[in-house]
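Just dropping this structure here.
Lettered A, B and C in written order, each chain numbered from 1.
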Amino acid sequence: MAPAAVRLREAVALAGHFPLLAGVSFEIDEGEVALVRGPNGAGKTSLLRLCCGLLALRSGEGTVLGHDLSKDRRGVRRHVGLLGHQSLLYEELTVEENLRFALRASGSPADRAPAAVLRLGLTGRLGSTPVGRLSAGQRRRTALAVLLARDPGLWLLDEPHAGLDQEGRELLDELVAEARARGRTVLMCSHEHDRAAALSDRVIWMVGGRIVKEPVGVA
Amino acid sequence: MLRDAALVAGKDLRIELRSRVALNQVVPFAAAVVLLFGLALGPDRSVLAPAAAGLFWIAVLLSALLATQRSFAVESADGARDGLRLSGLDPAGIFLGKVGAVVAELLVLEVLLAFGVAVLYGAHLAGALVLLGSCLAASIGLGAVGIVYGAVASGLRVRETLLPLLILPVAAPVLLGATKAWDEALRGTPSHALGWLSLLAVFAVVYVAIGVVAFGPLLEDA
Amino acid sequence: MPSLRSRLVTLVGWLALVGVIATVWLGLFVTPDAVGFPDGLVRLLYVHPPMAWVAFVAYGMAFLSSLLYLWPRTRDMRFDRLAGASAEVGVVFTGLTLVTGSLWGRPTWGVWWTWDPLLTTTALLFVLYLGYLALRRVPGDPEAVAGRSAIAALIAFVDVPVVYFSVSWWRSLHQAPTVDFTGRHLYVHGSMAWTMLLGFVSFTLAYAWMTARRYRLASLAVQQEDEGLAHAIAERRAEGRVLV
């Protein structure tokens, strides 16, 4: 049996005094694609942020790819990639410069950049355009190119389909399927339920900062 | 660590070169401050010239506040800390890189402003070595304090009002040391400035050391 | 039944109160007036130096506990609360030091303020630590607040000697040295020395009592928040039950 890529035990995370996560326990195996579903405010984004070491674990335990979430958050961050609401790109830098910086910063080989750019259709003049001048969808593609080029062990996708055109969504689905085939673990949340569910090995339901078993009455 | 520092400094300077915020906003701001001092103190050169060093450094200090705020504003909007944390860079490297970029910007500003002060206040620029040495040491000190506190305040909603309150009192020795070093140089007694230069150097070394050690925990938990 | 610790704090509080009253009484009515000083001014000697001393002790304590907080092996939120409590008391005493220093300055030097190195350093310290307290008051995750406050306390305390050194150097080089506190060859003797010593002891006790009380208040606030947290988690969990 493959070791768990993500393992949480009664994980609690707070924003000030508000419990974003009120005791979450689950495991995802390596190479698994898991979809988190639940209504707005259920804690889906918080769960992803916890798993990439951005949100502090207030109580409970957690490991991601063998790195402890409370003791070794830097180790966690080196092995995960987050595609979030904020693209975390530098507006003044071009697509290629952003990619080069992200790869060098994370110590990934720089030679993966051209393939990723090609794959996401960011070649030619687009590649040398400052990200600030791109459309929302093109920025999304740039962020996705960074993720693809880094190819971390755990992909955290927060509403990855949002802002992409039809072609982009299909491309995203392909990329996730390929990542899974390469043995990468994917944890995502998406309101494109059918599309995301078709990609996933299993669905995790969340309500009120917790995992629930039965998705009755949940949007 | 140094590799990461070079990477971050290169990235920050490239952003500055492209956006020209430092050149188009911070330099004119400093020029406006220098002009306003002239208005406040009157046109009498016998008043302005002796005060030139102090006024120059006040203008630099205020500009340094803007430069450090800018240094964190270029990190993607409200996700400044998230981006830096997720980047996988060594925190000490991030710190040194950001300080390096701010120091480079401040040095350019200081050179431009020095000519402005020479023209407007009739200060006679002399003792170039002392002038440049104190610029370098003072900028490193200001940059180090600025970047540490910039990280402390980044992500806080009150950062614009809090940052000056945090930085200005700590930077008081830099203001004193740099002003006195410039005074001596402008007066034609640069050899008297050595003590002040070493004060600036000690300040720079101490706060760079604190930054290198503290930036990790700061980025991590704070 | 109050705990031993809270009884000790109460005892320290009473001792401080008695000590301060005794200092005031001795300082105003028993000790002799010093020759060569404006009328009665020397009596500030029994409060001003002890206040400055307490401010410095308070900042030293804030620095030490911040250091202990930052050190991973001794990381404990109690050190954060102690640092905050101590710095707060320190700022109060710094303010009192400035006021009493100013009262001293008016008859002695003819001005309310002089750029005396000690006075200037104290004033800079005052704003420095006001900044620290302002930072502490910015809400956020308790550990994040503690972490950034501890680093700010570290920076502030390291700045103290640098500020003092540069300011005194600045004053000594180009201006005639100002009259410093001992400039008039004040001869402290007999009852004066005893009263001064009592002043130091009782103000230090007052510092200990105030810090302990402030610390206790902070602990109670945290306790209340923790209880609120348990409630908030229960409430958050109940969101699920309503929907499921």
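The rule is short, and it goes like this: contacts are C-beta pairs under 8 Å (C-beta built on N, C-alpha and C of every residue); 3 or more make two chains touch, one makes a residue touch a chain.
Values in this document were obtained by computation on a predicted structure and should not be read as measured data.
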| said: Among the chains here, which has the CA centroid at the largest distance from chain B's centroid? | reply: A
| remark: Note: of the two pairs B-C and A-C, more contacts are counted for B-C
| request: By CA centroids, point me to the most central chain in this structure. | output: B
| note | Taking each chain's mean CA coordinate, chain A and chain B are separated, in whole Å, by 38
| What whole-number Å value describes the gap between the mean CA coordinates of chain B and chain C? | 31
| Using CA atom averages as chain centres, what separation in Å is found between chain A and chain C? | 48
| task | Specify, in ascending order, the residues of chain A that touch 2 or more different other chains. | result | 56
| field | chain C: positions in contact with at least two other chains | value | 140, 143-144
| So which bits of chain B are touching at least two other chains? | 220-221
| query | chain C touches which residues of chain A in the complex? | reply | 12, 14-19, 22-23, 39, 56, 207-210, 212, 214, 216-218
| field | Residue ranges of chain A in contact with chain B within the complex | value | 52-54, 56, 73-74, 77-78, 82, 84, 86-93, 97, 101-102, 104-107, 130
| said: For a test of understanding, state which residues of chain C touch chain B in their complex under the given definition. | reply: 70, 124, 127-128, 130-132, 134-135, 138, 140, 143-145, 147-148, 151-152, 154-156, 158-159, 162-163, 165-167, 169-170, 173
| request: Would you tell me which residues of chain B are touching chain C in their complex? | output: 145, 148-149, 152-153, 156, 158, 162, 165-166, 168-170, 172-173, 176-177, 180, 195, 199, 202-203, 206-207, 210, 214, 217-218, 220-222
| query | Within the complex, which stretch of chain C touches chain A? | reply | 139-141, 143-144, 225, 228-229, 232-233, 236-241, 243-244
